[in-house]
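What follows is a group of structures, each given as C-alpha cells.
In the two complexes below, chain A is the common chain; its partner is chain B in one and chain C in the other.
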Partner chain A sequence: MILIEADKLRFQYENPDEPPKTVLRDVDLTIERGEFVALLGHNGCGKSTLAKHFNALLLPTGGTLLVEEMNTADEELSIDIRRKVGLVLQNPDNQLVSTVVEEDVAFGPENLGIEPAEIRRRVDDALKMVDMYDYRTHAPHKLSGGQKQRIAIAGVLAMKPDCIVLDEPTAMLDPKGRREVLETVRRLNRENGMTVVMITHYMEEAAAADRVVVMNEGRVWMDGTPREIFSQVEALKDVELDVPQPTELCAELRALGWDLPADVLTAEECVDAIASYLEDRA
Partner chain B sequence: MTVLETHNLTHVYAEGTPFEKTALDDVSLSIEKGELVGIIGHTGSGKSTFVQHLNGLLKPTSGKVLLDGEDIWKDPKQIRRVRFRVGMVFQYPEYQLFEETVYKDIAFGAKNMGLSDEEVDARVRRAAAFVGLKNELLDNSPFDLSGGEKRRAAIAGVMAMEPEVLILDEPTAGLDPKGRNNLLSQIENYRKENGTTILLVSHSMEDVARLADRVLVMHKGQLKMLAPTDEVFSRAEELEEMGLSVPAVTKVFMGLKNRGINVGQNAYTVESAVSALVARFGKGGGADA
Partner chain C sequence: MLNDITMGQYFPGNSLLHRLDPRVKLLVTFVYIIAVFIPQNWTGLAVAVAFLLLCVALSKLPVRLITKTFKPIIPLILLTSILNVFYLDSGNVWWDAGFFKLTDHGVYTAIFIAIRILCLIAGSSLLTYTTTPTALTDGLERLLNPLRALHVPVHELAMMMTIALRFIPTLIEETDKIMAAQKARGADMESGGMMQRIRAFLPVLIPLFVSSFRRAYDLATAMECRCYRGGEGRTRMNRLQMHGRDVATLLFTAVFVAALIVLNIVLPSTL
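Moving on, here comes the complex of A and B:
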C-alpha cells in the first residue's frame, strides 16, 4: 500500500533579490507502508527539502505530493498530514522543549487535545519503544546525545504517526549513540511496522535499510536495494559518494582479478566471500 | 622533539559541591612535534576537557601542561600568547563567524596577534587557499556561504594564526562524504607544508585511521591508550567495551584471522587492506604466493 507519493514534484526557493533556485526537479517517488528507506546524496542535492515535503512543512511549486491520498497543497489537511508523518531532526538539543523526559514526550499529544489518561498511555508506550522508560523522570539535558535523540523519536511516536522521517538523526552522535538510534529505528520498523525514511551520510546505516534512494541535483538518481545500489561502486565514486568499506574492499580486489561477489555489504559477508574465494583457489 | 606534555593533569568540575565531577583523572603524556594524533572517546570521556587544557582555556585542578618544556600557567598574564601558539577549532565552528566579510573573519585572530597588515593579508590568503576558498568569496558576507564553506572559513581563521599546534574538534561532523574527503585532504596538505602538530578529535574511526600517526583513547576521564594507529585498532575488543568501534575493514581482517586465514598484518584503511591481501595472496587468476 502506498503511503507517500510524489508525482513530478518540483520545488524552488523564491528570493526577491535573486533568481529563483530550483531544488527539486520532477521527483517521482513512492514509499510503501512498512518500508525502511534510506535517502542519500550530497548536501544541496535536495534530500532535506524533499523530506520537508513529506509532512507539508514545504509545499510543492509544481507537481503533487500525496500522503495517504491527501494532497499536501490543501492547507486544511496539514494538521492531519503531520499526524501521519512525524519528523526528527539532526540536532537533539533543538528538539527538546521540557525539563522532564516524560513531559517532553507528552508535548505533541497534549497539543492534539488528547485525554490525559490516553496521553499517559501513549507516553509510556513511546518511551518503552525507544527503551527510555527508566529515564522518564530524568532531565533531558543531562542525557547523552543518543538518549536525547531517542527521546525526540519517542515524542514523535506519541503522536501515533504512520511514518517517521529522520533527517540525519545520527550526525551529531558518537559511535555508541549512533548504534542506539539505528537499532531503535530498525526495531520500530521490524517489530512495530513503522514506515521509516532516514536521511544519512553514513553508508553503513544506509546498508541497514530495505531500500536506498540516492538523490543528485534535485532528482532521484538511483533507487534500489542496498545491494543493488552499493554494487555500483564506480558510479557512486564518480559523484564522490562513499560505499561501505567492505564493499569497496571487494570492489578493489575484484579489479585486481579476485573472483568476489559485487554485492557484499557487511564485514561478515566480506570475510565469508574472501575466505571462500581463497579456499576455492587453494 | 616533544612539543606538548601533560603531567598528572586532573580537572574537577564544581569541586566541593554535590555536583563534583572528575572530568580528567591524572593524565600524563607527551606529543611530538609534527605528529598527527587522533583523539577518540565517547561523549563525556573527557576528550574536550583535555584539549581545552592544552591552550589554557581551562586551568588544571592539579597537574601541569608544558608547551616546549615550559609550564603554560607559569605566568598567567601571558596565557594569551599560548593561545596564539596552540590554535583551537571548536565543534561546529561555523556558528562563531561574526564579521562583515569572509576576509575580515579569517583575519580576526591574526590581527589580534599584532602583525602588520601585509603579513595578515598574506596569511589570510594562504589560509583561504589551504581550505579551498576562492579569492572572490573573501569579500562576501560569511553568512552567504554554504554550510561547508562556512566551516572551512572558520578553520582558515585559526590556520591564519599559524599556530605550532592545531587542535581540531570534530572538524568533519555533519559534512557529506565529499565535504569530508575534501576537508581531510586539506588538513593533510596543510600539515605537509607547515609541519604543524595536529590533534584531531573525532568520532569517525575511518577519519582517524586515514590521518593519524598515533591515536589517543580517553575513557571516563582517563588516558586508556596512546599508541601507533594500527596498534590501537588491533585492540578492537577493548575499544568496543568503551563504546567505540574500529573501521569496518579492520573487522574484516579480524574475521579472517578468526577463520585461521593468515593475513599477516593488520589493516585499518581500504588501501592498506588491499595491499596487505595482495602482498600475501597475490593478484587473482591463479594459485600463487
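Moving on, here comes the complex of A and C:
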C-alpha cells in the first residue's frame, strides 16, 4: 500500500534578489507502508528539501505530492498530514520544547487537542517504545545526545504517525548515541511496523535499510535494495558517495583480481567471502 | 564558571508548600505583597511577620536560604531608613543637631518599613524556592487565562517563558564552549578594565547571537512538525487540580487579610 507518492515533484526557492534556485527536479518516488528507506546523497542534492515536502513544511512549486491520498498543496490538510508523517531533525537540542521530558513528548498530542488521559497513555507508550520511560521526569539538558534524540523521536511517535522521517538524526551524535538511535529506529520499523524514511551520511546505517534511494542534483539517481545499490561502487563514487567499508574492501580486492562477490554489505559477509576465496585458492 | 547560576532558584522538596497548586501559591504571594502594606501598627505587622514565619516553617527549607535573599537589598533598606530618619521630624526628639532631628517617630517608621521590605522579599523568594519554573509558568498561564478575553496573548507569553527556561542551560553550555574556543585562540577575558573586558566579550556574544537565531529557526520548524498552531484548541496533559489543602490555604489567607484590617480599625496607628 502506497503511503507517500511524489509525481514529477519540483521545487525552487524564489528569492527576489537572485534567480530562482531549483532544488528538486521531477522527483518520482513512492514510499510503501512498512518500508525502511534510507535516503542518500551528497550535500545540496535536495534530500532535506524532499523530507520537508513529506510533511508539508514546504509545498511543491510543480508536480504533486500525495500523503495517504492527501495533496500537500492543500493547506487545509497540513495538520492532518503532519500528524501522519512525523519529522525528526538533526540537532536534538533545537527540537525539544519543554524542561521536562514527558511534557516535551506531550507537546504534539497537546497541540492536536487530545483528551488529557489519552495524552498520558500516548506519552507513556511513546517513551517506552524508545526505551526512555525511566527518564520521564528528567530535564532534557542533562541527557546525552542519543537520549535527547530518542526523546525527539518519542515526541513525534506520541502523535501516532504512520511514518517517521528522520533528517540526519545521528549527524551530531557520538558513536554510542548513533547506535542507540539507529537501534530504536530499526526496532520501530520491525516491531511496530512503522514506515521509516531516514536521511543519512553513514553508509553502514543505510545498509540496514530495506531500500536505498540515492539522490543527485535534485533527482532520484538510484533506487533499490542496499545490495543492488552498494554493489555499484563506481556509480556511487561518481556522485561523491562512499560505500560501506566491507563493500569497499571487497571492491578493491576484486580490482586486484580476487574472485569476490560484489554485493557484500556487512563485516561478517566480508570475512566469510574472503575466507572461502582463500580456501578455494589453497 | 557559568554553571554556578542556579536555575529558577527552585529547591526540591515535598513539603506542604511544595505540593500546593501553583495558582494558589501565586495568588497568595500576590495578596501577601499587598497585605504587607495594610498594617499601620506593630501588632498588625507582627501578624504579617508571623504569617511569613509560618510559611517558612511549612516549606521545611533551611532558614539561611531565606536570609540569603536579604543580602542584595541591604543597601535599599539602609537608604530608605536613612531617608525616613532624616525627613520625619515629628514625635519626641531624641537628639537635635539643628539641621537634623532624630525622633522616635522617624526611627520607628524606618524599622517598620525595613521589616515590610524584608517580608516582601522573603515572601516572593519563598514562591520560587518551592515551585518549579514549569509549574510557575503553568500556574501563571491558567491564572491569567481570563485576560484572553481582553486579547492579552496569555498562552504565547507562557510559551515564551517555557522556551526561555528550556534554552537557558543550552545557551550557557554554548557560551562556555565559545569562550573556550576564543581562549584557545588567545583571547584574554579575565584581565584589563571594564571596557576592555566588555570588548573582549564581543567575540563571544556575536557567535552566540548567530547560533541563537539558527536555534530559533530550527525550533520553529520542529514545533510546526508537531502541529503547533498557538493556544487555540490546545489541551494539556497535566491538569492542575485544586485539593482540600489549596482551598484551606486560600481561606486561611483571607482570614489573615481580614485580621490585618480589623487590627487597623481596633488599634491606634503608630505611623
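Methods note: the second predicted complex is superposed on the first by the 282 of 282 C-alpha atoms of A that agree within 3 Å, B and C clash if a C-alpha of one lies under 4 Å from a C-alpha of the other, contacts with A are read in each partner's own complex, and residues count from 1 in each chain.
Basically, contacts are C-beta pairs under 8 Å (C-beta built on N, C-alpha and C of every residue); 3 or more make two chains touch, one makes a residue touch a chain.
All figures in this text were calculated on a predicted structure; none of them were measured in a lab.
Student: Pick one for A:Arg82: touches chain B only (first), chain C only (second), both, or neither.
Tutor: The answer is second: A:Arg82 touches chain C but not chain B.
Student: Regarding the shared-chain residue A:Lys8, is it in contact with chain B (first), chain C (second), both, or neither?
Tutor: In the superposed model, A:Lys8 contacts neither chain B nor chain C.
Student: Looking at A:Asp259, would you say it contacts chain B, chain C, both, or neither? Reply first, second, both or neither.
Tutor: The first partner, chain B, only.
Student: Quick one: classify A:Gly108 as touching chain B (first), chain C (second), both or neither.
Tutor: After superposing on A, A:Gly108 lies in contact with chain C but is clear of chain B.
Student: Just chain B (first), just chain C (second), both, or neither: which does A:Glu240 touch?
Tutor: After superposing on A, A:Glu240 lies in contact with chain B but is clear of chain C.
Student: Name, in rising order, each residue of chain A that touches chain C in their complex.
Tutor: 55, 57, 79, 82-83, 86-89, 91, 93-100, 102-103, 106-116, 119-120, 123, 139-141, 152, 155-156, 159
Student: Mind pulling up the chain B residues that touch chain A in the complex?
Tutor: Going by the criterion above, the answer is residues 42-44, 146-148, 173-181, 203, 205-206, 243-245, 247-249, 251-252, 255-256, 259, 261, 270, 273-274, 277-278, 281, 283-287.
Student: For a test of understanding, state which residues of chain C touch chain A in their complex under the given definition.
Tutor: 133-134, 162-163, 165-166, 169-170, 173, 214-215, 218-219, 221-229, 233-239
Student: Can you tell me which positions in chain A touch chain B when the two form their complex?
Tutor: Those in contact with chain B are residues 41-44, 90, 144-145, 168, 171-177, 201, 203-204, 240-242, 244-246, 248-249, 252-254, 256-259, 266-268, 270-271, 274-275, 278, 281-282.
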